[in-house]
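Shared chain: chain A. Partners: chain B in the first complex, chain C in the second.
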Partner chain A sequence: MKVRLDPRTKLYMILIVSAIVMMSATTPLLWTVRIIMTMIPILLLIAEKRYASALRFFMLYIIAIVLTFYFLSADSTGLLKALLTGYCGIVAQFLPALITAWYVVRTTKIDEFMSAMQKMHVPDGITISLAVVMRFFPTIKEEYASIRDAMKMRGIALADGNIIKMLEYRMIPLLFSCVNIGDELSAAAITRGLGGEVKRSSVVELKMSIADYLLIVGFTVATVIFVFFKYVKR
Partner chain B sequence: MDTKKLTAKDFITIGIFTAIWFVVEFAFGMLGYIHPYIVAGYVVMLPLAGAIPMMLFYSKVEKFGMITIMSVLIAIIMFVTGMGFLGAPIVILAGIVADLIAKVGGYKNFKMIVISYGVFCIWICANYFPVIVTAESYKQDLIEGGFSAEYADTLFRAINYKTIAVLLIICVIFGFIGAYMGKAVVRKHFEKAGIV
Partner chain C sequence: MKNIVEIENVSFRYKGSDKGLIKNVSLKVKEGETLLLCGASGSGKTTLIRLINGLIPHYYSGELEGTVKVAGRDIKGTPLYELAGIVGTVFQNPRSQFFSVDTDGEIVFGPENIGLEPSEIKRRADLVTKDMNLKKLLGRSLFELSGGEKQKIACASVSALLPDIILLDEPSSNLDWSAIEELRTAIKKWKKQGKTIVISEHRLWYLRDLIDNVYYMENGDIQGRWTGEEFFRFTDEKVKVLKLRPVRVEEKYMAKSGEMSKSEKVRMILDADKDSILLKDFYFTYARRSYLFRKKKPTQADADILSLNIPKLEIPKGVVVGVTGKNGTGKSTFLRCICGLENECPGIIVEGGKLYKGKRRIGLSYMVMQDVNHQLFTDSVEAEVLLSMKNEDKKRCDEILDSLGLLEYKDKHPMALSGGQKQRVAIASAIAADAKILLFDEPTSGLDYSHMVKVSELLRNLADDGRTVLVSTHDPELIDLCCDYVLSIKNGRVYSLEKCSRMENVKIAL
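Up next, the complex of A and B:
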């Protein structure tokens, strides 16, 4: 099964999930809504054939939920328990947003994203910058991994325990490579006519499909239910 | 390039530095789950750690709008990562003011850049905004959201409407210090290498 979602639907999903994430779930019903909303991006990840990450997120979320519900409570004290409570709380609370964001970033092609933003009349500055930010996180990770490898090879991974040195040894090379990549990126972008005067056309034809409408309606209904039962009918 | 308008190259620069800034922030933000006092300590750590990429960024800023757009992006990312939209106006406002201050110095005057960076760092305090404005319900949310009551209590002892002024001032001051430090690092590593 292949589901190709419109980037606009994905953005809407991010918006809704981030909003829901900020409101804590207090009753079993609210938790149900929340868990269902978390499962949707996981299912979408499966539909995109990203089984490994789907499984990873699923396990992480389930473990956090189970721990939160059965083993921990607000008055658990002691360092380990407090740490664990905090950690599980964070995971249970914010992982939905992270999963959704991860799904969107990983499955949206930059050109799709750009043309969707263009259709929504977002200013070019924001569109381009955001697209670069999206594309750049994996790059930073890669660069950082190779910097770490290089440090290990030279035996300065811990920099003799000097924290400032540790920071410097990591940050400076990272900045160097990022600046260089940035220059290459802008050269590539200008070649493709980014930032020109004319309106850019796009190869991808964006179209809302049934799946899009279903998801939008589904998420809207879930939000209405959530807000209603949290604030109106306590 | 003598145009006043921002070009694609500028936008890409903004994107890159926002990504770096965010990674730095995220790395330090994770520490906050260890102890609430570290959350209050962001005002010291983030301006210092973020200063190096920011000073490099400032050296590339030439036109009005770049810092503003960066603050808009930070606001968006903050929202997406679940930190709320309450702080967003402050973030963007801090960005615009920082941009204006740097503009007065023509984006080259180092004193103005220092002040501008200090103002820009105010956005870090915007993260505390929900803690202060909606203190009671936020506390409830934290506890229900799985934080221990101990954590919540300590967090509110460290951050409330009485301490926010102090935190804000500390934040700006460390922004100034960070700017000098960052500039020194940029000079040591980047200007010598001819990258700036």
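Up next, the complex of A and C:
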């Protein structure tokens, strides 16, 4: 089964999940809502055939939840339990946001993203800057890999344990090549009409599907329940 | 035919630099004409291209005098985005000229920018895809394409804007022979469609029969004008006087660097009495069998998935060996394995009675990368060389720098040097590290003739000092200039290792 979500739905998901993780769950009902909301991006990852990352996230989250409920309590003592409480607290609290963000970054194409931003009437300046940032990540990765090779060849990968040197040797060539590439990239982009006064068009036709509406409604309802039972009807 | 580009008495100087300036240049390009700009690097070819596509004065600022008119508009008063549908440019570096991360998005990027209707954009994308035979490349990530494929996409995305004028700025610099052949096809197609084409280029042979007029640039001025026919009939001596790369390449080199003849016979011709370096068990694969066996090093038994499969190879010591073969046949992988960058390659090197394997290969050899910027780490040339020495020895450092003509730049920042100087700094640190085998990954791509001669002299000197030099290249000219042997690699295997008889070539040239 293939679920193609609209980038707008994805952005909405990120917004909602980030809001939810900032509020702590206190009752079993609230926990249920949170866990359901975490399972949705994991299921979406499975639908995208990203089994390995889905499994990894699932295990991480489930272990943290199980430990929190059956192993740790308010009067746990000892170093191990203290560390575990910290780990589980952070994972159970913030992992949902991480999973959602990961899902969105991995499955959204740049042109889809730009098209969605245009539909939401975000100014082109902001859209293009964000798109360039997305375009640049793989470039940085490539450049960094070459630099690491060069360091290995020189035998200075560890720079004799001098952390500042280690950083310097990596950053100087990386900055120089990124600046060069950025300069050439913008020259190439403006000769192809980027930054003109005409409104950019887009071949990507975004259409909200049933899945989009279901998710938006679902996430909205979940938020309402969460807020209502946490703050209004205690 | 009317003139589509008119450059009149134009002088230009980049802000804060004397490089690439042009002086009082006048030039007219007729509609439908194919024009070649040739000349040494820094002679002003790229500056002319930038004047026509409007990057000067809108992106690169400086002092500009005179008028440039493109399709009847004065460039100075025309914003760049208005030129986007009229002038298209293919740049030198395939890595840095695409904006999207996938091929489809890249082709439609230009048309989207000028705000065309989605249906029209799709029509154009389909047309370009069919025209340029891109079906196989659609829907792929641009980061996994080869240089040649990227350049093809760049041509397509320029085509999709349907410009009247197409500019190409050293488009073949990073391409292998088969990719150059495809580039030639693209240019031919544009010519047939009646486009006006201006090409700035160092490699000349592939443009034969395509060029109407040739302008020769020197020191920022047009110093020679010929028709394409006259130009491609020039004798080798005349081309050499002009400091250009050859206008024709001998058939036998075509065969050597391009597709080999069908027979799979491996020929190895070596001088028996010469000392040699033995390479054994050089296997490497990019396709890993399964998760469980990931740690297992590749062996001969995995023959079907090996990207590199060289059980045994003997290379004479103290010579220059040219490594040829198409892109993606394992040239770079071979070099990476020799210098120990690929841990999984079980290869053994025997040199001077000593055996090197695994991580120890790293100290034995040193690779000068194609993008030399990646391997300069410090803030002065001297520090760069000292960094490579086990015990810092300033006297030896000075000697090395002197031998490479770098002594006067000793305190300069490596990034402030020219491309050729940077290359020599990298070589200096290789010598300082006492590397016995020096590897060069396409050191002459994008260089003009005189720089290429300089590189070839350097390689010769390194070999004459007793180091063994392996140089991967697509330039038959370089092989002709300095290689003693040619090693051709095909599908990750050694296809042949032949002695290169330079004397014989001289005879043919005469």
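Assorted remarks:
Quick note on the criterion: the second predicted complex is superposed on the first by the 185 of 234 C-alpha atoms of A that agree within 3 Å, B and C clash if a C-alpha of one lies under 4 Å from a C-alpha of the other, contacts with A are read in each partner's own complex, and residues count from 1 in each chain.
Note that contacts are C-beta pairs under 8 Å (C-beta built on N, C-alpha and C of every residue); 3 or more make two chains touch, one makes a residue touch a chain.
Keep in mind it's a predicted model, so treat the numbers as computed, not measured.
In the superposition on chain A, A:T191 makes contact with chain C only, not with chain B.
In the superposition on chain A, contact is made by A:S201 with chain C only, not with chain B. Look at A:R154: by the touch rule set out above, it reaches chain C but stays clear of chain B. Shared-chain residue A:E168: touches chain B and chain C both.
Once the two complexes are laid over each other on the shared chain, residue contacts for A:K109 go to chain C alone; chain B is not touched. In the superposed model, A:C88 lies in contact with chain B only, and not with chain C.
When the two complexes are overlaid on their common chain A, residue A:P138 makes contact with chain C while staying clear of chain B. Residue contacts after overlaying the shared chain place A:S177 against chain C, while chain B stays out of touching range. When both complexes are aligned on chain A by C-alpha atoms, chain A residues 131-132, 168, 172, 176, 181, 185-186, 189-190, 194-195 touch chain B in the first and chain C in the second. Interface residues of chain A, counted against chain C in their complex, comprise 109-111, 131-132, 134-135, 138-139, 142-143, 146-147, 149-156, 168-169, 172-173, 176-177, 180-181, 184-203, 205. Only residues 53-55, 58-59, 79-85, 87-89, 91, 93, 95-102, 104-105, 108-118, 121-122, 125, 143, 157-158, 161, 336, 339-341, 362-363, 366-367, 369, 371, 373-379, 387-388, 415, 429, 433 of chain C touch chain A when the two sit together in their complex. Residues of chain A touching chain B in their complex: 14, 18, 21-26, 68, 72, 74-77, 81-83, 85-90, 92-94, 97-98, 101, 124-126, 128-133, 136-137, 140, 167-168, 171-172, 174-176, 178-179, 181-182, 185-186, 189-190, 194-195. By the touch criterion stated above, chain B contacts chain A in their complex at residues 6-9, 11-16, 18-20, 22-24, 33-34, 49, 52-53, 56, 65, 69-70, 72-73, 76-77, 79-82, 84, 140-151, 185, 189-190, 193, 195.
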